[in-house]
Amino acid sequence: MKRRMESYGKMVQLLFMNPVFFIGISLLLVFIMTSMVLILTGAPPFSVYKQIFLGSLSTGSKFGHVIKAWIPLTLCAIGLLYTFRINLWNIGVEGQMIIGAVFCTFIIRLFPNSPYPIMILFLAFFSSMMGGALWALLAGFLKTKGGVNEIFAGLGLNFVAQGLILWLIFGPWKRPGVASMSGTEIIPKGLWLSLIERTAIPPAGLILTFLALFVTYLLLKYTKIGLGLKAIGLNPKASLLFGLKPSLYMLLAMVFGGGLAGFAGCIQVTGVYHRLIPSISSNYGYLALLVVMLSNYDIRLVPIVSFFFSCLNVGSIQLPMVLHIDSSLSGVIQGSLVLTFLALHALHRRLSTPKEIQPS
Amino acid sequence: AQPDQTFTFGLLLVGPMNDHGWSQAHFEAGKYVEEHLKSSKMLYIDKVNPADRPGITIPQLADDMIEKGARLIIANSDDMSDGIIEAATMHPDIYFIHVSGDGALTGKAPKNLSNVMGRMEYGKMMAGFAAAMTTKTGKIAYLGPLINDETRRLTVSCYLGARYAWEHVLKRKPSELQFEVSWIGFWFNIPGVTSDPTQVTGSFFNSGYDVVISGIDTSEASIVANQKRMAKKDVYAIPYDYKNACDGASAVCLGVPYYNWGPSYVDLISQTMKGNLKQQWLWLSPNWQDINNPDTSHVGFIKGPALSDIASKALDLFISDMGTGKIQLFKGPLNYQDGSVFLAPDEVANDKKIWYMEQLLSGMKGQSRVQ
Amino acid sequence: MNDFSAMMILSSIIAAACPIIFAAIGETITEKSGVINLSLDGTILLSAMTAFVISYSTGSVFLGFFMASLVGGFVALIVVFFSIYLRVSQVAVGFVLTLTCRDLAYFIGNPYSRLLGPQVQPLPIPFLSDLPFIGTAFFSHNVVVYVCYIFFFFSWFYIEKTPMGHILKAVGEHPHAAYSRGIHPHRIQLIYGFVGGVFVGIAGASYSLFMKAGWGRPQGCEGIGWIALALVIFGGWNISRVVIGCYLFSFLQVMGIFFQQWFPTFPSPVFQVAPFPLMIFSLVIIHVSQNDKIREWSKDKNVILFFLNRFSHSAPAHLGKRFHV
Amino acid sequence: MIEIIDIHKHYGHVKANNGISMTIKDGSIHAILGENGAGKSTLMKILSGYIHQNSGLIKINDQIVDFSSTSVAATFGIGMLYQDPMDFPQLSVIDNFMIGQAKGIFIKKRTFLNRFYHLSQSLGFSLEPDCLVKTLTVGERQQLEILRLLSLGTQVLILDEPTTGISDLQKDTLFSALTRLTRDGKSIVLVSHKLEDVETLCDTITVLRQGRVSGHMVKPFDTNKLLDLMFETRSSPPGRLVTSQGPVFFSLNQVSAKGGRVGLKNLNLKIHQHDVIGLAGLEGSGQSVFLKVSSGLLPVQSGTICLDNKNIVGKSHVYFQNSGITYLPSSRLEEGLVPGLSITQHVSLSARPKPLIVNHKKALISSRDAIDTFHIKARPDSYVETLSGGNQQRLLLSLLPLKPRLLLLENPTRGLDLSSAYFVWNHLQAFCKTDHTSILFTSSEIDEIMMVSNRILVFYDGKVVLDKKTAETTIHEIGAAIAGKSVHL
């Protein structure tokens, strides 16, 4: 295996060094893989891709729904950039979103019909961030103090959050008489995020997401926090000697990640479902991990990739409706896309020679 | 598609269209419409619940179907009420039908939304009756979904049917009949969210209950009963919702109460085509002459292979008596679980009273509402 | 349902634990060789689907199990392959596979959902099953459960008592040293990665072919993969303790229903969710038990010390890291 | 007889071995000398089949062999004791002994035990078969490895720097064992830095330099000639530092701590300014624990640490750093540097106090002159993992704060060739001269300690068993103390 690679190395290398080719080949590979799956299951590949495309971008309202999905997904992905930077697998995003949504709903239930909805909304945003951050912090402490691998801490807390939200929906916050998965009472219209004319796009969410993108970019690139996170992520032991406190930075990263996730949860409540439902997190927590991996932990790619994923998610609704194919196909496509990318990127890394070292 | 030739209607199914239960019944009703109203065409999407389709909302799907030319949209789950009302308000020129809701009754819903429901109460009474005729231990269990008015009244009907058989046909002491409900939390199993129906049914059988009546959309009850039967246990199950639910579980299946939505759909849709659909709240009864008539009866009960002849004969009599009104089970004196009066002696419940069933009845074990 | 019989409960605990045991031990074997296969949750679903579809269309339960185990092994091989030849983080690949396999299972399995297919027939063992109490509890299940008994004894023996077991451990502990002794770590990892995966596959099959007979979305075994992964840590990479953990979890799950009866004020879902976090947070206890202060404090308290020592464990030194000369 | 003919081995651009040819006679002890990175280990790994050469031949008794793996080499009776221990700390001694030998379904433990006892007696080793390897000393682990190799029927035993980090006692046992083996007709290949070891033990010496053979030599050896073969330029040894002893500023009182193999047991110590203190002792006798404790990296169990008569126990490592106490670990890539970050990024990391906004331009400039002043063979943007060991050490030095008060150095010259070592010392001593800095350092080389330090502490079993001015003690006394022989203080 190794030897063969080395011999082909040179030739393939030249090709791989060229990014356009690189992206092209990975897309092609994924295309082939998914098409194979489709053909095996007796579905017509091309009409599938066509439907997904039409279903996500053909009309304004559809595009709106894509953006509606893009906002929370991107927020979660941005949050993950912090934790990945310090080499933490924050798998608890789902739970952090849920808690954010719960806090948001809590505030709204406190002041159902206040004269100043804007203020309440801001309060809700803020508290949801706090909530998400808090939940992430728990996972952080389990990691730093409790010595539980963050993956399992996150998972555990996801389950707990799941239990909590169910308890609220079936218990204290249930609708009179009924206890059902359909969630709590609808929140007052006044507190719904206002949408752009006949689309599902909440401008507020859009703006704040872009803000988060920008701030994170600066924070990670130009501040000691960014550098510290990276150093600790790469070698915690040595970072001590540079006067960094790994556990502190870990908690910090978790707080940032959790805060953004919590905010995403709040958007789901005020902008999408207008109530608290058990699956308020909509799987964005897990999807975001794929997004970040596929964008190779590079914040400049995150919004693009997550837009692509949102298109897949929204577009895939057409599959059952038009072609009577199950829409979990979108998940298959997303997964295999990331896998192929990982593989190709690894090849890329192995074929590129180690940096030359000359005395300056 | 040009609206004048073909009339497109959309169907939002809460579960899988092949769930052998509630959603499949609706799906097949849709097919029934397509063949009886030649110019009609069905659009459908199944698994419309946030667990299966994260991030997808009812209004979003409605938008999509309307873009595809749908002019009437049917939502088949109580849980869709908010979404469907939201959608109906957004598209006043499109007709919406919400199955099993009460928006039209309470006036919450806009004018272009109607409700339709079948009187499954009767079906459930027959189920309860069959169960009581069959049980040896006198312990009947009900595998309940989530707790709301609808599920409460269905469970209660089951109990009334069972009690009638127990006291008036078998002439046994009321105290010897045990009827317990266990709510799993949703219409089907969601791991880590609902109780696991497989486990619940299993432990019912393990603790002496020998008939389990399923109130949920999926077939765990029959499957587990089958397994127990393979292990030489004398147990029975009564599935729910779907004509052919007994297939494959014939050894244990006492029969199945089911909805037959076809006729009501045809009726509503043809009205819409003519453009004279008024907002209404329908609660449709079986056709007592022939409860299993696919074109006229809205609710039916198909006897299962495991039902004994005696029981079967008694059941026929029970059905005809209900048809003639000789037997009226929603008749006082009946008390709620907490002892408060549901029906005074000889009082016969009106629709509203039945529809908004507040609690289970005294004599039934299980939660009436979430504490 | 309040008047339940302890025997019945025990028996259903035993049955419910069986698939988890397959999965957890499978993963233990894989991790002993230094590879983390995080994809369990997806693999179990995919193999469950395979098992059902195959046995539904061929009518042979055995064939179902066979194909499922192959699927499980194959997925594990992907992880190992990525780790060895492409040097991609095992966690990353594992996680992606978790999601991908899950969706693949739902996608391919969709047409087969809610069908009544063949399932493993119960097979009480002639004389043993007539024994009072234990008979029903242990010996009136089906072949798979019995195989599971044998399996965990065998795997324990294999790892602790045979040269091959030593080699397996050696690779997980210090592959360079193993290599210097003429052992090929990559080969070992490929082999045991596959073997572990095979058992995970069997776990999946046991779900769709008897524990939760049938296929559908959700199938009912979602989340179990994560638990199996946690159980490996809980058991400290030690077969016998992993198995104990499995029974513990299964106990919690089965009792959930009864707790629900006994504390009706709690909404039922809470009891359904509880076992998952409980299992995972028990890891905290395990970690704390390693803490020096605690150990100091428990020096003279023999009972506590006993338990602490049961908990003490260490992961294979080279777990999750990549080996190359 | 083994012939090595024109062996080439490249790592990326590095020519680890660049055309090496040599001959190893049966029944001889053959030494391979050479400065760091000369290619010794690489050559040996090739000879033992651990890695494969890019080109070149190996002949055994005029028959060409191709070692695709260590097991193939083993069948030709070649076995190697690696520079870094290749055993399984978590497993027991006997398990370690068996892994790779035992085959089949069942383990025949008994037979292996017998073989184990028999061998270890014949070599005068005493190992407890059932205790875990992680509890053994480096020397004992070597012994175990040697036993294993012999029981595999090794005829040619390769030892790569076996004498680093073991006690003189263990060294004697080892050497006598080796001579005994040669008497049985086995041949030994010994890789080392240390002339005196080699000169006492070996019959033939091959010196490598930068991947090539720079010369052969047979007994008797001419030390100066050897040194010339090893190093092109021999920079002058720094020699001991002569300055007036300053006032006490740092002291440990009754300090005990956990860690390492033995921890630290009520240690009392006063440190003056300008002190250069060498810490001798077997690996894991408490020196490194002591260094970590005094730099605030390890918590103390009891006792006080005073800086300027102020107790600073329980303060964070950062606090220690900010008050001028700096610690350098011996394993650079593992504990000292951040692989994946460039030199420039390291510079901005070590900036104190850290500004919130990182100033890339400034960092670039300062990393440039660091590279110049410390002769680091790299560019500001080159990643530290691509630096050679010596260059990594130079980088670490350049990152030291400006006016350190106390430097705690763990093996500051481990793995460095003489010239690099001298460079390091000259630089360190400059600190003492100009900034009243005191230095505590560990080293496994007694003569290095004798050379540069003006005070010596010998650790044994977590205690200081000898504390003397270098002038007032002798290598003999120190050696005795290290080996734990009772010395009257």
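To keep things simple, chains are lettered A, B, C and D as they appear, and every chain counts its residues starting from 1.
The rule we apply is simple: contacts are C-beta pairs under 8 Å (C-beta built on N, C-alpha and C of every residue); 3 or more make two chains touch, one makes a residue touch a chain.
Keep in mind that this is a model prediction, so the values were computed, not measured.
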Chain pair showing more contacts of the two, C-D and A-B: A-B
Centroid distance [mean C-alpha coordinates] between chain D and chain C, Å: 44
Averaged-CA centre spacing for the pair chain C and chain B, given as whole angstrom: 38
Chain B and chain D, separation of their C-alpha mean positions in angstrom: 78
In chain D, residues with contacts to at least two other chains: none
Set of chain C residues in contact with two or more other chains: 110, 217, 223, 267-269, 273, 276
For chain B, residues contacting two or more additional chains: 47, 51, 185, 190, 192-193, 370-371
Those chain pairs that satisfy the touch definition: A-B, A-C, A-D, B-C, C-D
Complex contact set, residues of chain B against chain C: 16, 18-21, 47, 51-52, 141, 180, 182-185, 189-196, 198-200, 202-204, 206-209, 218-219, 223, 227, 230-231, 247-249, 367, 370-371
List of chain D residues in touch with chain C within their complex: 48, 50-51, 69-72, 74, 80, 82, 85-91, 95, 98-100, 102-107, 258
Complex contacts: residues of chain A adjacent to chain B: 55, 59, 61-62, 65, 69, 159, 162, 166, 170-171, 174, 177-182, 186, 200, 272-275, 277-284, 313, 317-318, 320-321, 327
Parts of chain C lying in touch with chain D, wherever the complex brings them together: 161-163, 166-167, 169-170, 173-174, 176-184, 292, 314, 317, 325
Contact set on chain A toward chain D in their complex: 222-228, 230-231, 234-235, 237-245, 353-360
